[in-house]
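The same chain A turns up in both complexes below, where it pairs with chain B and then with chain C.
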Partner chain A sequence: MSKSICVLPCNGLDKCAGDLSRRVALQLAQSEEVALICPVLLNQNRSRYEKDLEAGDLTVIDGCNTRCASKLAGDLEIAIKEKVNVSEVAKALNIKLGVEIREDEQTQTVVSAVLEKINSSAADQAASEFIEPESIDYNTFSHGKFIFKVPKANYYFNENDCWVTVSGNIARVGVSDYVQQNLSDILYVDPPEIGQEFEQFDDLGSIESGKAVFEIIAPASGTVVAVNTGLNDAPELVNESPYEKGWLVEVQLTDFAEDQDLLHDCPAYFEFLQRKVAEIDV
Partner chain B sequence: MSESTFMGVERDRIDWSPRIDFTKCNDCMECVKFCPHQVFEVDENAKPKLKVKNPNNCVVFCRACSKTCGPDAITFPDKAKTTKMIKAIRKAEKEASTNE
Partner chain C sequence: MIENKIGVISCSGEECLGGTISRLAVRKMMEELKPGMVSTLCLPLFIAGDGGEREFAEKYPTIAVDGCSKCCAKRAIEKYSNAVAGSVDVAEIIGEAKALEKPLSTRNLTDEHMEYVKQAADKTSQIFDEIVAKSV
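On to the complex of A and B.
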């Protein structure tokens, strides 16, 4: 019998957040569709879970920001379909978990909230109003064995290497070619919530490879109207097409004219990136 | 000459770097391992061992090290205030250069 979801929980048995991860995982495992993965055994003998991982999508439950479970999946290059962080859910609920293991109303609230987050499918989003240009021209430069691409026009960048491009009233946000090459294979995209309002330079989700987590720093202020659901099954699109198919978030801009003061246009970013790459060894 | 700027503003005029709450820090050094910009320094003989040695190496608006911190001991300045300050400096410089 093949299971369609694999759950890899935090193994922090000595702390409250780890204990909650375990409680969430055990509840999920009551479903016939769910295969539980023991992180210790996975680390020791991956082949034991090969069949489950082939048949099912991986959901990771991290206890805290040490993110051992995510990192283990990253080290083993297993793509993560969905993940949730118990401490962050608790923080959003204004609940302090502390270290001590306890079974009370507060921890039950957190367990329920985590389960709800895992079970809720992606929020409905309206059909995109963004009009994709037929083709985009690029400028390129090389540094060692790397070749970096930057569009010739219509994209605006912050110095955190995130771009925004506008089509009518709607804009898309993503990361530059430099970011995807630095991270190498993207394994997971953590999108922001639809409806979330954000200021310029706020966090707008993150992307993650086996090497590192990269925070998306909003190039402009606005409201999230859609996320690129195509990345759920194919996060590698960010690597293959960082300026087009690998876009991350669709947003309604608040005051782009104002925000542009702290953005580079394409030629300026091209120059900025050349200087940056020359200074840091990629 | 290597001078560091953010959107044309000298980096040392922008107050952006991690602040460590040593009552929470557990010396795991995940932040040090994570940060590729040598912002932190570890001195095994000092207490605390961890130090923000090069605050101006920190990438303005990046808070990624705080996300690697299990005990949640790292905080950063307010982003909106920092943005406002950068804009004010740029405006003042623009005005100064047009008055010359």
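On to the complex of A and C.
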């Protein structure tokens, strides 16, 4: 019988965090709904897990920031539904894991925190107040085999190719068509926490493809009020519709009038992107 | 002397009890039997291609400790680096049926399991000694 959740731990042996990824995975696997995936066997014989991966959502547990399990999923082009990093959870708890493998109160605290993170459903988010425009017109230009599109109006961009579009005091943030084409197939979106306050140019989560991880740099300051939950099941929306259905985060703006000074409007970004693409010879 | 320049790689061990045993056997080698004399290589890292693991296994003798006859660790070394200097198949020590039982958390291991760990670690240690003897 196929399981509804697949868990892929890194299973590293040379650091405590890797061992904790295994401990978390083994605990999760006590549920009949969970299929445990061995990273090495997956790499060697993907067909062994094909049915489970088709039927279930993949949760990846990385031990450290080398992110072996995430990289493996990326290399094999398997979409990740949820991801947790043991070292980051330990850091947030102010617990140093080190190299030695140990079974003590501290490591159990980390295991419990990781399990809680995996088991907790997405935070409740209020109904969106963002009013979507009926249609968006685009300007396009081509470079080699690539065609890049930029909205004609109402979007503002930072030079990290992240955009913001405003509706009252609420705005949506996303990445440009240029980013999604560079990354190729998006496999995972790591959103910020709802309620997180941030300044302009702070990190605001990341998106990940088999090729790279792209840090989202906030184009404006504000507070996260919603994330695009549709991307949990369909991260490819960022590829298919980077300016509309593939939005990433909804925010309550702090002072957009001031933030705007450091952003390009659509015509300026269009010119900026043309220069950038020509310079780096995409 | 090539001590300290002998690598040991355990299989990832998520599929079966043999994998749990192989992981603990490698830890026992590192912490009790040959402390400071072996380098453990992380198999997921080895496969990801980071951290210099593949380069180490190319340059120095490396022992694979596998939990079952799928021999994931041995096959990974041979695919990405070099021929293994030696290999241990836990299933050959504790029997295929036992090795294919469900993996366990270390807190659920019994004395019987710890005896399996000892046997697998002893076998690995014996291979280590043979490699050292050949190199002298």
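The definition used in the following text is that the second predicted complex is superposed on the first by the 282 of 282 C-alpha atoms of A that agree within 3 Å, B and C clash if a C-alpha of one lies under 4 Å from a C-alpha of the other, contacts with A are read in each partner's own complex, and residues count from 1 in each chain.
FYI, contacts are C-beta pairs under 8 Å (C-beta built on N, C-alpha and C of every residue); 3 or more make two chains touch, one makes a residue touch a chain.
Everything numeric in this text was worked out from a predicted model, so none of it was measured.
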Greater chain A contact set [chain C / chain B]: C
Which superposed partner A:T66 touches (first chain B, second chain C, both, neither): both
Touched partner set for A:K83, first chain B, second chain C, both or neither: neither
Chain B versus chain C as contact partner of A:F201, first or second or both or neither: first
First, second, both or neither for A:C10, with chain B first and chain C second: second
On chain A, the residue positions that both chain B and chain C contact, one per complex: 66
Complex contacts: residues of chain B adjacent to chain A: 2, 6-7, 28, 30, 34, 59-64, 66-72, 79-80, 82-83, 86-87, 90
Touch list for chain A against partner chain C, complex: 9-15, 18, 22-23, 25-27, 36-41, 43-44, 66, 68-69, 71-72, 101, 103
Touching residues on chain C, where the partner in the complex is chain A: 10-15, 19, 23, 26-27, 40-45, 47-48, 50-51, 70, 72-73, 75-76, 103-107
Complex contacts: residues of chain A adjacent to chain B: 64-67, 87, 158-160, 199-203, 206, 212-215, 217, 261-262, 279
